[in-house]
Amino acid sequence: MMKILVLHGPNLNLLGTREPGVYGRRTLADINKALTDLAEAQQTELRFLQSNHEGALIDAIHEARGWADGILINPGAFTHYSYALRDAITAVGLPAVEIHLSNVAAREAFRHKSVVTAVCVGQISGFGWRSYTLALQALIDHLVTV
Amino acid sequence: MMKILVLHGPNLNLLGTREPGVYGRRTLADINKALTDLAEAQQTELRFLQSNHEGALIDAIHEARGWADGILINPGAFTHYSYALRDAITAVGLPAVEIHLSNVAAREAFRHKSVVTAVCVGQISGFGWRSYTLALQALIDHLVTV
Amino acid sequence: MMKILVLHGPNLNLLGTREPGVYGRRTLADINKALTDLAEAQQTELRFLQSNHEGALIDAIHEARGWADGILINPGAFTHYSYALRDAITAVGLPAVEIHLSNVAAREAFRHKSVVTAVCVGQISGFGWRSYTLALQALIDHLVTV
Amino acid sequence: MMKILVLHGPNLNLLGTREPGVYGRRTLADINKALTDLAEAQQTELRFLQSNHEGALIDAIHEARGWADGILINPGAFTHYSYALRDAITAVGLPAVEIHLSNVAAREAFRHKSVVTAVCVGQISGFGWRSYTLALQALIDHLVTV
Amino acid sequence: MMKILVLHGPNLNLLGTREPGVYGRRTLADINKALTDLAEAQQTELRFLQSNHEGALIDAIHEARGWADGILINPGAFTHYSYALRDAITAVGLPAVEIHLSNVAAREAFRHKSVVTAVCVGQISGFGWRSYTLALQALIDHLVTV
Amino acid sequence: MMKILVLHGPNLNLLGTREPGVYGRRTLADINKALTDLAEAQQTELRFLQSNHEGALIDAIHEARGWADGILINPGAFTHYSYALRDAITAVGLPAVEIHLSNVAAREAFRHKSVVTAVCVGQISGFGWRSYTLALQALIDHLVTV
Amino acid sequence: MMKILVLHGPNLNLLGTREPGVYGRRTLADINKALTDLAEAQQTELRFLQSNHEGALIDAIHEARGWADGILINPGAFTHYSYALRDAITAVGLPAVEIHLSNVAAREAFRHKSVVTAVCVGQISGFGWRSYTLALQALIDHLVTV
Amino acid sequence: MMKILVLHGPNLNLLGTREPGVYGRRTLADINKALTDLAEAQQTELRFLQSNHEGALIDAIHEARGWADGILINPGAFTHYSYALRDAITAVGLPAVEIHLSNVAAREAFRHKSVVTAVCVGQISGFGWRSYTLALQALIDHLVTV
Amino acid sequence: MMKILVLHGPNLNLLGTREPGVYGRRTLADINKALTDLAEAQQTELRFLQSNHEGALIDAIHEARGWADGILINPGAFTHYSYALRDAITAVGLPAVEIHLSNVAAREAFRHKSVVTAVCVGQISGFGWRSYTLALQALIDHLVTV
Amino acid sequence: MMKILVLHGPNLNLLGTREPGVYGRRTLADINKALTDLAEAQQTELRFLQSNHEGALIDAIHEARGWADGILINPGAFTHYSYALRDAITAVGLPAVEIHLSNVAAREAFRHKSVVTAVCVGQISGFGWRSYTLALQALIDHLVTV
Amino acid sequence: MMKILVLHGPNLNLLGTREPGVYGRRTLADINKALTDLAEAQQTELRFLQSNHEGALIDAIHEARGWADGILINPGAFTHYSYALRDAITAVGLPAVEIHLSNVAAREAFRHKSVVTAVCVGQISGFGWRSYTLALQALIDHLVTV
Amino acid sequence: MMKILVLHGPNLNLLGTREPGVYGRRTLADINKALTDLAEAQQTELRFLQSNHEGALIDAIHEARGWADGILINPGAFTHYSYALRDAITAVGLPAVEIHLSNVAAREAFRHKSVVTAVCVGQISGFGWRSYTLALQALIDHLVTV
C-alpha cells in the first residue's frame, strides 16, 4: 500500500471563504475528502497537514522519511521565497508534486517565481481543487513506474 | 460529444529519439494513442497536429473555433517567445491547457519563462507522457464544469 | 501611380471577432476596403497580405522590392520579437510605416517593446481601424516628398 | 464646432533651426499654420501653447477642461520623465494624442520610453511636421466617433 | 564520403544586394559555389537550403538525421530568439557550426546574444563570405577527428 | 464598540533596548499602554500580539476574522519578504494599517521594499512610537467612515 | 506659536473632480479648511501653496526658512522624479512630512518609488484627506518633542 | 568562562543522511561533539539549538542576551532571505560568526546571496564540519581580543 | 570680447548655508565674484542666472543663442533627470561645460548619473567653488582654440 | 612577406595539462608549431608571445605597430574584462582576430561576454587547437583582400 | 612534509598602515610570522609572495604546481574581477583557500562579489589577521583528509 | 616645494597617433612638457610614469607615499574595472585628481562607469590635453588650501 503526505501551506485553511473568485468555494475539508476518495480507490493512504508555520511544514517533510512514499504540496505563498522548504524536499529525497489552485502565471508578478518547482517531479496549476486530484493521480502513477 | 484539438509544437515529432533522458522513450504516436484511448472512454473526439511552423499552429488554433471545445498544447520551444501563439489562444477564446513533458523549471534559465501560461486555464509539467493524459483529463473536467 | 504593400501580421484575420473591446468590430475586409477607397482617391494601388507565418510576411517584403514603393505593416505580436521581420524591412530598403490598432503602451508590458519601429519611417498606434488610413496617408505623403 | 488645445513642449520653439537633420526645417509657426488650415476646413478651432515650463503646460491642460474637446501634445523631452504631465492628462479626462516629429525609437535609448503614451488615445511619431496634421485628423475623427 | 547540410536563415537570399556595406557584395549563389568548390576538393557533398521560414529550417535539420554528418548554419536574425532552432540542433545530435558574415558583436545590442551557439561545436563570425569556407573546413576537420 | 488587533512582528519585543538610535527608547509595553489610552478614549478595544514567528502572526490574523474590525501591524523584517503575511491580510478581508517606527526609506536598500503595503489601507512610517498612535487614529477613522 | 508650510504638488488643484474613485471627493479647499481647524486648536499657523510648477514649490521651501518650523508636502507626481525638490528639503533643514492621499504602493509601478521620503521625517499614505490631518498632527508632535 | 550559543538552521538535523556528497557524512551530534571537545579545552561553555522554525532561532538569539558572549550560526536556507534573523543578530548586539558546510559560492545562484553576513563578525564556508570548529576558534579568539 | 552665460540650477541660491560640509561656505555671490574677476582678466563678459525653475534655465539657454559664445552650467539636481535641459543645450549648439561643486561619484547612487554630460564639451566636479573657475578657464581656452 | 603577431593570454602556457577535457591535449608548443607550418606554406612570418601579464600583452600589441600586418589573439580570461587590451587593439589599428579554444557560449555565464570582439575583424571559437589555424587562415585572407 | 604557497594580492604590502580601522594594525611581516609559527608546529613549509601585479600572482600559482600541496590566497581587489586568477587556480588543480581580512559583505557593494570563491575549497573572511591562521589550519586539515 | 606624481595609464604612450579624432594630436611628451611648464611656474615638482601594467601604476602610487603631496591620474581603460588601483589610492591617503582627455560620457556605455572617481578629490574630463593642465591647477590649489 502506497503512502503519501499531503501538505497545505499558509492561508489554505481559509479555503472556501478566502477570495472565492480566485480560489473557488470548496473548503480544505472538501478537497481532503476528494483526495481520500481517490486514494482509497487506488489502495493509497494519505496523511494531511495544513500549517501557516514554515517550520511545521519542514518538520512534517522530515518525518515523512519514516513512512511516506511521496509528497503532494501546495506551498501557498511559501512558493515564492521559502528556500528552507525547497531544501527540505531535497533533503528527504521523496518525490514531490507542486500544486496550485489558481493559475499563478496570470496573477501578480511575485507569484510567477517558484523556488520549489525545480526540486519537485512536476507542477500542476490552475485547475482549482482538481489540481489536487490530478496531482495525486500523477504522483501515484509516478511512484508505480519509478 | 466533446471535441479537443491537440497541438504538438516544434521538435516534438522527434519524441522517443530526441534526448530520451529528458523527454522519455515514447514516440508522439504512442502519446497520441494513449490520449485517444482516454478520450474514447469519455466520449471525446481528438484531432492532432504536430508542426515545426509557428504559423501552422496558429492557423490550426484559428480553425478550431469552428469545431473544438478546447485545446491541449505543448508549445515546445515556442513557449518561451511566441507571443503570436499566445495571441491566437486569446483570440479564439477556447480554454487551453499548457503541457510540458519535462520539468522546465529544473532546466536552462530560458525555459523558466512561458509567454503562454497566463492565457491558458492551467499548466501541467514534469510527468513525461503522462503530462498529456493528465492535461486531457483536466480539460475534459474543466469543460464539463464551466 | 504609387504602389504599396499592406501587410497584416498574425491573428489579424480574426479582426472584428477577436476581443472587440480591444481591437474594434471592423473586420480585416472592412479595413482593406477603407484603405482601397482612400488609395484610389490618390492614384495609389494597394496589394494585401495577411499571414500568421513570419516567413510568408518576410517573403512578401522581399518580393515588394520588385514592384512596391512602400510598405504598411501591422506586425501583430511579431512586433515584439521578430528580428527577422526587422531585417527584412532594412534589407529591401523600402519606406515602411508601423501600425497598431490598439494603444500598445497601455497594455501588457511585453507589448511596450517593438523591435521593428527603429527601421520604419514612423509609427501610428491607438486609433483602431483609423490607424491604417492615417498610416496610408502618412506613407503616401512621405513618398511624394522624399 | 470642435475645440482643440495644441501643446508644444520644451525646445520646440526652436524648430526649423534646431538640428534640422533630425527635426526638419519647418518652424513652429509653419506647423501651427498647417494645423490651422486643416482645422478650419473641418470647423475646428485650435488654441496653441509652446512652453519650456512643465508647470505652464500642466496649467494649460487644466484650463482646457473649461473649453476644449481634446488635446494634441508633443511633450518634447518631458515625454521621458514628466509623470506630472501624465497625471494632468488623466486628471482632466480629455482625449489626447501624443506627437513626435522624429522616430524616437531610432534615437538614443532614453527616448524609447514615454511616460505619457499610456494615458493618451494614441501616438503618432516619425513623420516630421506631418505627425501633427495626421494627429489632428486622428483626434477630430476620434471626437466625432466617440 | 562526408555529407553536410548548409542552412541559410532569413533574408540571406538577398545577399549581395542587402546592405553591402555590412554583408558584402557576394550573392548567396556565389557563396554556395565557393563552398561547393571547397567541398569537392575534400570529397564532401553539400546540400543547401535558404529559407525565411523558421519551420522550414527546423524541418530540414530533422531530415538531415537521415543523411548528413554535420550542419553549417547561418541562422540570420533567428540567432537571437529561435529557441526552436536551438532545440532542433540538439534533438538531431549532429555537429553544427554557427556562421555570421558580419562581426555581430560590433553591431546593435540585440545581435550580441545568440541562443544557438551553446548547442553548436563552435562559431565563426566577421569574415564575410569567408566565414562560410572557414566553417566548412572547421566542420570537415571536426568530423574527421571525432 | 470597535475592536482592533495590534500585531508586532519579529524583534519588536526588544524595543527600548534594541538600537535606540534607530527605534527609540520606549518599550513595547510603553507603546501598548499609549495605544490603550487612546483606544479607551474612543470606545475601542485592543488585543495585542508580538511574535517572532511568522506563522503565529498569520494564525492571529485568521482568528481576528471572528472578532476584530481591523488590524494594526508593524511587520518588522517580515515587511520585506513575507508574502504569506500579505496573503493572510487579503484572505481575512479586514482593513489593515502598516506601521514602521523608523523611516525605512532612509535605511538599507532591502528595507525600501514592502510586500505588504499594497494590501493595506495605508502606511505610516518614521514617527517613532507615534507611528502607532497615528495609525490607530487612522484606522478608527477609516472604520467609522467606511 | 508654531508655523507650518503646507505644500500641494501638481494636479492637486483638481482634487474633488479628478478621479474621485482614487483621490476622494473633497476639494483642496475642504482639505485646507480641515487642516486649519486642526491647526487653530493647537495654536499653529498654516500657510498654503498649491502649484503645478516644480520651481514654485522649491522657491516656497526656500522662503520657509525665514518663518516656518516645518513642512507638510504632498509632492504629487514630483514624488517620483524631482530630485530638485528633495534637495530643497535637505537644503533648508526643516522637518518635513510626506503625504499621499492614495495608497501609492497599490497603484502603477512608477508610483512605488519616492525620491523624497528619505529626506523627510516620515510618510503617511492611503487615508484620503485624513492623510493630511494625520500628518499635521504628526508634525506638530514631532516639533514639540525635538 | 566564556559562553557561546550554537545555532543550526533548517534541515541541518538531517546532516549525515542529507545529500552527503554536498554536506558530508557527519551527523549534527558528531559536529556538536567536536565543538564541545574543542570548547572544553578552552574553558568555554556551549549551548546548542537546531530548529526548522525561523521564530525559534530568533527567540534563542534574544534569550542569549541574558547569558551568552557570542553566537555561532549556520542559518541554512534562511541565509538567503531571513531579514528577521539578521535583525535579531543586530538587535542583541552579540558578536556572531556565520558558518556554511559547503562552498555556497560554487552552488545554485540563489545561495550566493547572504542577508546575514553583513551583521556578523565574519564568515567561514566550504570546509564541511570543520567550518564549525574553525568558527568556534575564530569566535573565541575574537571574544578574547575585543 | 568673449561672452559666456553662467547658469546655476536649483537650490544653488542657498550656497554657503546649505550643507556647508558638502558644498562649502562660499555663497553664490562669492562664486560669481570670483568668476567675474577671472573673466575680466581675460576680456570675457559673463551673465549670470540662478533659477529653481527648469523652464527658466531652458529659456536662458535659448536666449544665449543671440549673444553668448558658450555656457557654464551647474545643473544641480536637474543633472539627473532633465532631458529637457539636455535638449536645450543640443538645440542651441553652444559649447557648454558641466560643473559640480561636490564629487558626485562619492555621494548617493542617484547622483552618479548625469543626463547632461554627453552633450557638453566636458565636466569638472569635486573642487568646490574652484570647479567654477577651472570650468571658466576650460571654456575660454576651448573657445579660443576651436 | 606578411608578418603576424600571435598572442596567447593568461594560463594558456598550461595548455595540454590544464583541464584537457575543456581545452584539449595539445601544448602551446604544438599549436605554435602547427601555426608555423601553415604560415610558412603561405610566406607568412609569425612571432609568438604568451603572457599572464595584461601589460605585457599590451606592450607587445604596441610594438607590433612597427613590424606586423595583423594580430591573432586568444585573450584567455582577459576576454571578459580587459578594456585596456581592447583599447590597445583599437589604438594600433591593426586587424586582429579573436580566438577561443573552447565554445565559450556553452560554459559559465561570465565567459559569454567578450569586451574585445567588437574591435576585432572577427571571432573563431570552439574548435580546439584548430581555432588557431582557422584564424590564421582567416587573417591571411583578410590581409590579402583589404 | 606539507608545502603551501601563501599569496597576498594588491595593496596588502601596506598592511598595518593602510586604513587600520578596516584592515588592522598588523603588518604583512607580522602575519607571515604568525603563519610561519603555526606552520612549523605542524611540519608545514610556507612560501610567501605579495604582488600588486596580477600576472605575478598567476605565474606563482603556475609554479606552485611543481612544489606545493595547496594555496592560501588573499586576492585583495582582484577578488572582484580577475577571472585570470580564477582560471589559474582551476588550471593548476591545487586546493586553495580564499582569505579576507575584513568582512567584505559589510562594505561597498562591489566587494560583495568574488569571482574566485567558486573554484576554491572555501572562504574565510572578517577575522583580521586571524583569517590567515584559520585558513592555514583549514587547508592543512583539508590536505590531511583528502 | 610641492611634489606631485603624474600617472598615465594604459595605451596613453600612443597619444598623438592613437585615434587623434578622439584623443587629439599632442603626444604624451607634449603633455608632460605643458605640465612641467605650469608646475615650474608654481614651484611644483612633477614626476611622471606611463605604464600599461596595472601593477606598475599601483607600485608607483605606493612609492609616492614617501615623497609626493598628491597624484594626477589618467587611468585610461583601468578606469572601468581596476578596483586594485582604487584601493591603492585609498591606501596611500594622498589626494588624487582623475583626468580624461575625452568626454567619456559621450562614448561607449562601458566608459560611463569609473571605479576610481569616488576615492579621488574630483574629476576633469573632455578638454583634451588641457584636462591635464586644469587638473594640475586644481590639485595645486587643493593642496594649498587643505
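The chains carry the letters A, B, C, D, E, F, G, H, I, J, K and L, assigned in the order they are written, with residues numbered from 1 in each.
Keep in mind that, in the parts below, contacts are C-beta pairs under 8 Å (C-beta built on N, C-alpha and C of every residue); 3 or more make two chains touch, one makes a residue touch a chain.
Just so we're clear, the structure is a prediction, and the values are computed from it rather than from any experiment.
Novice: If we look at chain D and chain K, which chains touch each of them?
Specialist: none
Novice: Would you mind checking the shortest number of contact hops between chain A and chain G?
Specialist: 2
Novice: Enter the minimum step count from chain A to chain E; a value of 1 means the two chains touch.
Specialist: 2
Novice: If you tally the C-beta contacts for F-H and for E-J, which one comes out higher?
Specialist: E-J
Novice: Matching D-I on over half of contact pairs, by residue number: which of E-J, F-H or A-B?
Specialist: Selected pair, repeating D-I: F-H.
Novice: How big is the gap, in whole Å, between where the Cα atoms of chain C centre and where those of chain D centre?
Specialist: Computed value for the inter-centroid distance: 23 Å.
Novice: Could you give the separation in Å between the centres of chain C and chain F, each centre being the mean of its C-alpha atoms?
Specialist: For chain C versus chain F, the centre distance works out to 55 Å.
Novice: Go ahead and note the Å separation of the Cα centroids belonging to chain B and chain L.
Specialist: Taking the mean C-alpha position of each chain, the two centres sit 63 Å apart.
Novice: Considering chain C alone, which of its residues make contact with at least two other chains?
Specialist: 53-56, 81
Novice: So which chains end up touching which?
Specialist: Pairs flagged as touching, ordered by label: A-B, A-F, A-H, B-C, B-E, C-D, C-E, D-G, D-I, E-J, F-G, F-H, G-I, H-K, I-L, J-K, J-L, K-L.
Novice: For the complex, which residues does chain L have touching chain I?
Specialist: Within the complex, chain L touches chain I at residues 103, 105-106, 114, 117-127, 130-131, 134, 137-138, 141-142.
Novice: Which of the residues in chain B end up touching chain E in this complex?
Specialist: For this pair, the touching residues of chain B are 9-11, 13-14, 18-19, 51-56, 76-78, 80-81, 110.
Novice: Show which residues of chain C lie in contact with chain E when the two form their complex.
Specialist: Interface residues on the chain C side: 53-56, 58-59, 62, 81-84, 86-88, 90-92, 115.
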